[in-house]
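Chain nomenclature is as follows: A, B and C, assigned in order of appearance, with residue numbering initiated at 1 for each chain independently.
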Amino acid sequence: MRRTAGEIAKAVGAHVVGDERAEINGVASIASAQSGDLVFVEDEKHFDSALRSKAAAVIAGSFAAQAQSRKPLIVSAHPRLAFAQAAKLLSESHERKPEIHSSAVVLPSAVVAETAVIDPWTFVGEKATVGERTWIGAGCVVGSGVVIGEDCKIYPRVIVYPGTRIGDRAIVHAGAVLGADGFGYVRNRPSADRTGEGARPHPAIAYEKFPQIGTLVIEEDVEIGANTTIDRGALETTRIGRGTKIDNLVHIGHNCQIGENVIIAAQAGFSGSIVIEDNVVIGGQVGVGEHARIQEGVLLGGQAGVLPKKVLRGKGVAFWGTPAKPLREYLQSLAALARLGRKD
Amino acid sequence: MRRTAGEIAKAVGAHVVGDERAEINGVASIASAQSGDLVFVEDEKHFDSALRSKAAAVIAGSFAAQAQSRKPLIVSAHPRLAFAQAAKLLSESHERKPEIHSSAVVLPSAVVAETAVIDPWTFVGEKATVGERTWIGAGCVVGSGVVIGEDCKIYPRVIVYPGTRIGDRAIVHAGAVLGADGFGYVRNRPSADRTGEGARPHPAIAYEKFPQIGTLVIEEDVEIGANTTIDRGALETTRIGRGTKIDNLVHIGHNCQIGENVIIAAQAGFSGSIVIEDNVVIGGQVGVGEHARIQEGVLLGGQAGVLPKKVLRGKGVAFWGTPAKPLREYLQSLAALARLGRKD
Amino acid sequence: MRRTAGEIAKAVGAHVVGDERAEINGVASIASAQSGDLVFVEDEKHFDSALRSKAAAVIAGSFAAQAQSRKPLIVSAHPRLAFAQAAKLLSESHERKPEIHSSAVVLPSAVVAETAVIDPWTFVGEKATVGERTWIGAGCVVGSGVVIGEDCKIYPRVIVYPGTRIGDRAIVHAGAVLGADGFGYVRNRPSADRTGEGARPHPAIAYEKFPQIGTLVIEEDVEIGANTTIDRGALETTRIGRGTKIDNLVHIGHNCQIGENVIIAAQAGFSGSIVIEDNVVIGGQVGVGEHARIQEGVLLGGQAGVLPKKVLRGKGVAFWGTPAKPLREYLQSLAALARLGRKD
């Protein structure tokens, strides 16, 4: 949607230096900007190139409040944030017309909102519901009883197992699998227990599947990356708190409780029954053992490992390594080890 | 399927204290149990809440043999196992009627059993066979010559490359890719070898694909997690032994030989030509280098790394860290390192 | 395609000892070879079994130049490479007839070459182009504006987000997701910035999505493994250089620049804005932090971790561990640590 510099400034809490009526229809980097684009600079270093670019307007930090420029400037104390908010505003134009593609299969008991878009070869199961303005891409499977909220974007080939609930404004990228069975088994016992005919210590099939019949609840404003997998609870509920952002190829096991506004980078993995409190930041390839708890505001560095049942605490405290230790302690160990290696 | 407490007790090798005719139609946790549900307790701690729940009956450990209860008790030496077995029994009711959906494409030379279910947009290739009572979810691709056994559950969007064989009672979760090409290349040589016209040390394309034309065999009673990938052999066969359970996002490379009743947690990865013997347990995010061998009954802790060609041995011995060491040795190193860090 | 021993020898720069007219129609391992198959041996150790196999001909190293054999021998200084090249030559027979399956949806503005094959339930979006002889498997989604080159093999269920470009002869395995949004957010500020009504330090939704509107360019001769994910740039371009080979379940974040002829083993992960120069080899489960640079020809051992902004250099130098160190240094640390553990 086309907006003026003035409209954008107002929406993002900034003010315009220059022509408020300048028209903007997209965002870009300084290098790739075309006429009509909006760019941003956080510091004076790139300000000149921004002014020389083809962009229609520039979001800039407070340093630019007094600057001389033929381009309109949108001056904000937080230019990166203002840029992100402007981009969101401008992308609102790209909504598609409501449609259920003729090749989709929507069971009669399912309820799809009139403003929703369902792309080809998508299945919507028994009693599932799809909210207003939600888009479901090609080849998705929405299992029976699934609830998908309003204004969601479900990219192609997302599989949602029966009973899963997805809140408003969720974004789920291609290939994600939501609500699959958790990984839980019970070791078989010698048949003596059953028949009294003598123990057979190695039964042919050692593991019996523990029931995986709980659910998965994904709250509002969650984003989930491509090919990520989040399992349903075994008997209870796996929960992803609102505002939480999850990258690609992440695994979240059954019964996990992930808080609000948590950041989880790519390929991180969570065993069963883990609690991650609000505002935690998890680096790429981090692994967390079952029943561990990461308390509010903890930061876990990339590839860190947390042992089962371990509790990590400390708002803003960074943990690194396996087993994860506070950064200072981790660095001391590293330094000691390096000296030791050289000495020998 | 609805069962009586007596029928369940008989099937799982337990005995009933109370009304054997009580009807049960599902399993649940104590907190979520509704009338008709079966719950379980392993120790006395949760026994009271189980009795106070809405459940129709309680599976309990031997401690409950003399207990006073208005609810029927199913007393077992292994309540968790009995619960798992009861759940399996009760879920047998949920079988669907045989059907090949009209949008599926089944090539004329394929053989699909009369009792199988093929969901929408699934492709069954040339000379592929699908066994009795097997369900293949929406959007699967079953390549030419694939053999899928009886009573399998193949969830949506599973891709089975040509020639793969899947044994009876296998469960494959959504998005898994079975039998893709392994990762094998041969470095190109200077063209001198071919033409004698002088060496060109950096040919434009450095790697030639080594043929990946072997097969993948998955034996009976295997479960495979969502978005897991298992590659076919290069020239020979990749094999997953019967009863083995594999979690989500696991990677198994070409020519691997995985034994029977092996447990592989999420995001573990196996390079080519690895041997994992029976009853091994592999933690999450473990990485195993090519041609390594993990002998029978070894336990590998989460994030452990095994170097190429390494052999790990010892039934019941736990290995941790990278490179993986016996747990005791690993803990000694950790402790020494911690002391050293503090000293400096 | 059937070829004679002489034709193959000529194509791979080798010479025949024996009957040049022997007909060959496939490759195999020594153990599985049938009549008509070609096998190879790199050293004398397996030469006898190759001669005793059912194979029609044997590619062998220079040691076999004077050998006595009833089977024709194709003698090459690089038998493994010659075998790979022969396999490629022989597989050229398996091309399918051009076809767009009737269930596929190809938008009118898309351009699909006449010799391309489009399988069932595949979507080709607005203004997308598909090159000559390219095969697109069942259930793929080719977004609007996507360009796919000539002679590509796109396996089933690959999702290509809008605007992505894929070069000639690319192979993309099932379930890969190419060009999804990168993982970038901006922390929200207290609303004070916007309204002046006083700070609210914990806004309900902490993260605003940073625009992910760049592109992804994959050059010629790249192979991409099953369920791998490669994100588009945020504002610019993510690039995969020609000849690069990527295994299964790899993650490559936004803005990464991957060079030519790079090898990336399974489950490796790359944060945003990383530069990997030409001829780098990356082991399985390696993790690289944002803005790091791996210079030409570096080898990174399995599970190694590279910190953000770090630069690794040295053609042919192997790095191991987290944080990654040159192999010699890493081994010294390990040895020192082991001694220390034992001492205590």
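Just so it is clear, contacts are C-beta pairs under 8 Å (C-beta built on N, C-alpha and C of every residue); 3 or more make two chains touch, one makes a residue touch a chain.
On a predicted model such as this, the values are computed, not experimentally measured, just so you know.
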I want to confirm something about chain A and chain C. Since they are copies of the same sequence, is their interface symmetric in residue numbering (over half shared, so same) or not (under half, so different)? different
Angle (degrees, nearest 5) of the CA superposition of chain A onto chain B: 120
Centre-to-centre distance between chain C and chain A (centres being mean Cα positions), rounded to whole Å: 26
When you check chain C against every other chain, which residues touch at least two of them? 103, 121, 139, 157, 175, 227, 249, 267, 285, 303, 337, 340
Across the complex, what residues on chain B touch chain A? 12-13, 26-29, 31-32, 76-78, 80-81, 83-85, 87-88, 91, 103, 119-121, 137-139, 155-157, 171, 173-175, 221, 223, 225-227, 242-243, 245, 247-249, 260-261, 263, 265-267, 279, 284-285, 302-303, 321, 334, 337-338, 340-344
Once bound in the complex, which stretches of chain A touch chain B? 103, 105, 121, 123, 139, 141, 157, 159, 161, 175, 177, 180-181, 183, 185-189, 193-195, 204-211, 213-214, 227, 229, 231, 235-236, 249, 251, 253, 267, 269, 271, 285, 287, 289, 303, 305, 322-323, 329, 332-333, 335-337, 339-340
